[in-house]
């Protein structure tokens, strides 16, 4: 064992346990690092510390009940996860929801995405040592949470979507508040650039770090902003538009560099796109029922269904095998974080410990999403 | 490529497959023995080029297992569901594909952990989510845990 | 000038009073004890004040209120924290090198005491006016890293070890820049004595009358000394997001407090050195022009101790501003910054300054 | 020479980006008085505004006569994903009609298992349940999280249909 660890240069490799409790793993992720000095030779993720067997639990729940479990996967994209289940049931039963529902869902999605990216921005700053960004990001995100709270009744685990429509109608303040918020946030977003994107220390630390090629991104299934930073056109909103994404104009942010800075930049640019999507929709929310007529007990036809949506971290998929009962036979949640984590070892080899923190931050891992 | 063409192509490659038109995707069920060869063809053949595996899981059908692979081609924009039918319910085994689609490495470990399906030639087949000393495979239909599971 | 605020009158009076009471040897011992007590109290008080200041400043940068529960505006917060740390159990980890593990905090703490000895804060407020004060300070201040290295190694923790090694690599490089930046100014002043450097700035601070090289030297000194005190953006040795707490991961209670306090006292020391060398110590702000005599006279009425500590506060604030704005650098980038940017610039600057000093071309 | 210019340019650009970051934090520092966003929680309780839809805890709505609208149909119990609702019903004879009717004895709510998903409130046909805006729900003992939602002595309102 000892002999194996001694490398060609005569240095001895050693192990460091990063996590399960570590400031930069953002949750209970444990990385077993094999280090040569400060250089990373191997990263081995050990996960499952917050495994709650959500897939098994879903096998005993009705389709309406499954929705609230998805809140607890990627809690920062709770709304989008909810929508995946709702869309799956609607598509399987061929229920057409009203335009109002579609538009509201889209606006909510983008607000959630904004909030998620803001949190990520604060956290990446903190991981890099600029703790102040964390507080600035929370200032902005808190206001989104307030808007959410007023309409959905919860700040994080919203459970606002339900198969066939929405839980509540919009709060009467919603439109005004969102517009006020966008006006406010547009003045704050350039500060993000001044504090981090333009900062020479930050760019030095992220450029060229953790390069992920396009072929590897596809092979590892790295989706979301992380995948698009490598040029992988994987935005489900574009490739398979759902809800109201087919009626808004927005750009899919694609980069070619594939390094940590590209991943950073793609998220910051995505915030601008989210703002633009909300602005296009907020003034013309059509009237209509918020709930399509549904049977009290939802039973999916026999067969299997797959629904993909674009969450803040990438492609979230729900795979349901139905045997015709009111509970599914098998549910699988394809979580974006799980695939994104699998690439960590590949792209962080040969870098330093500090780079691993940057790579992990730009991959934007949410541990409950990985562990399910 | 159209589903119809895919059907013809795949059945010409591997006559033993069972082709089902699912509600969304074409479903290709192949016996576990022929699975690895077909997967390689689907990935590397110029007509199919399924380079993106966006989901992988497994289903316990009480008498047999099916490992399920959702495949998509980012170049040719077609998708299908590949299923390997593992007839042996007691000692399920199937060839690994984690060298073809790298994302499968963790996914296969997860399936091994939760279903007990053994993936031959997998480089590092260990439990992923559960502790190493866990007994049983929770997502199997015959799994019982009287402490943590309350059946309704 | 400024004689009304001269502390040497006070000290001379105390000395006389003691001499009347006892023998010269006893006087010396008594004075040493008094000075030692004052020094300990001063360091403890400064530590508490600076920790509170850091927390308040950080809070305002981060749109927070900061500590505000213990005492008015939270001014007793750090005292409460200090008492908490005092009452904590002292734990030595099982596999640690016990002797070195317990020694490290003291080494870290002794260094600032030694360095404080030669710094003049106000006229006469200097423990010992060494004629090689600058040399003494540069020699002593590089000893602190020994404590960090020993602590990192003796903890028998890989995170601590990495932190300690990083710190050693950093100090070895940045000590060079600090010393060279100081040397640049020493060439200009022609003396190594701290009080004489201060006195040479009676008609204007070096940062103003020393031309651009002095400014460059100051900037280099500021960057390098921030690195030497292990503060952000150079806080690699503790690098909270990478190494959890770096070299003091395994320390707790009062031993941790020593490490923590020494960071702040070190900050005070490097700011004081910068004040003495670049900003004229306790010297009031003077404009080196004929027409400004009235203005200069008004400035004289502000006590030297206010000037001294005012300037120190300003530099400390600058260092806090850096810390709460910038991301942390990576170890190789830190070394790059030193060897590729600071050192060449420093050498050129040194050359320029020598030329200036040779020609006597300064105000 | 070119490389020297590039070297110096790099330094000045780097310092410039650092300065632009310092401007942002500096602005907030010197305007801290009006920009501070944190609130001092237990002190601001009186002014704290809880949105009316906030989901803090399930309650049963009682009117001023201590009457509720729950007829014990157990729809909420079936809708609950976590089994946090248990409705214990009873049969009594209606003195007016002489028929036996179902009333609730105890509507037990295990708050420790509740995920506040709002499905029970939605499922209730007679709007007997609601979410209230309580937010200080932490207790020291798990048993304290079990509530009986119908108040003691309460009875069903007259006009609630079955």
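As written, the chains take the letters A, B, C and D, and residue 1 is the first residue of each chain.
The rule is simple: contacts are C-beta pairs under 8 Å (C-beta built on N, C-alpha and C of every residue); 3 or more make two chains touch, one makes a residue touch a chain.
Just so it is clear, the model here is predicted, and its values are computed rather than measured.
Chemist: Using the stated contact rule, I'd like to know whether A-C or A-D comes out ahead in C-beta pair count.
Modeler: A-C
Chemist: Please name the chain that ends up farthest from subunit C once chain centres are defined by their CA atoms averaged.
Modeler: B
Chemist: Once you find the CA centre of subunit B and the CA centre of subunit D, what distance in Å lies between them?
Modeler: 41
Chemist: Which integer distance in Å separates the CA centroid of subunit A from that of subunit C?
Modeler: Chain centroid spacing, subunit A to subunit C, equals 45 Å.
Chemist: Centroid from C-alpha atoms only, then distance subunit A to subunit D, rounded to Å. What do you get?
Modeler: 24
Chemist: From the mean C-alpha coordinate of subunit C to that of subunit D, what's the distance rounded to whole Å?
Modeler: Result: the chain centres lie 51 Å from each other.
Chemist: Could you list the positions in subunit B whose residues touch two or more of the other chains?
Modeler: Touching at least two other chains: 152.
Chemist: What are the residue numbers in subunit D that touch two or more other chains?
Modeler: Counting only residues that touch two or more other chains, subunit D contributes 18, 21, 24-25, 37.
Chemist: Listing for subunit C: what residues touch at least two other chains?
Modeler: 61-64, 324-326
Chemist: Please list each pair of chains that are touching.
Modeler: Once each pair is checked, the touching ones are A-B, A-C, A-D, C-D.
Chemist: Would you pull the subunit D residues touching subunit A in the complex into a rising list?
Modeler: Interface residues on the subunit D side: 13-14, 17-18, 20-21, 23-25, 37, 51, 53-55, 79, 81, 115-119, 122, 131.
Chemist: If we count contacts the way the header does, which residues on subunit D are in touch with subunit C in the complex?
Modeler: 11, 18, 21-22, 24-26, 28-29, 32, 35-38, 40
Chemist: Which residues of subunit A touch subunit D in their complex?
Modeler: Within the complex, subunit A touches subunit D at residues 61, 64-65, 67-69, 132, 139, 142, 149-154, 157, 159, 162, 167-168, 171, 191, 194-196, 198-201.
Chemist: Would you tell me which residues of subunit B are touching subunit A in their complex?
Modeler: 22-25, 27, 51-55, 57, 59-60, 68, 70, 74, 81, 101-103, 105-107, 110, 114, 128-131, 138-139, 149, 151-152
Chemist: Within the complex, which stretch of subunit A touches subunit B?
Modeler: 47-48, 51, 53, 55-56, 60, 92, 215-216, 218-221, 223, 232-234, 301, 303-306, 308, 315, 317, 319, 321, 329-330, 332, 334, 338-339, 341-343, 346, 371-372
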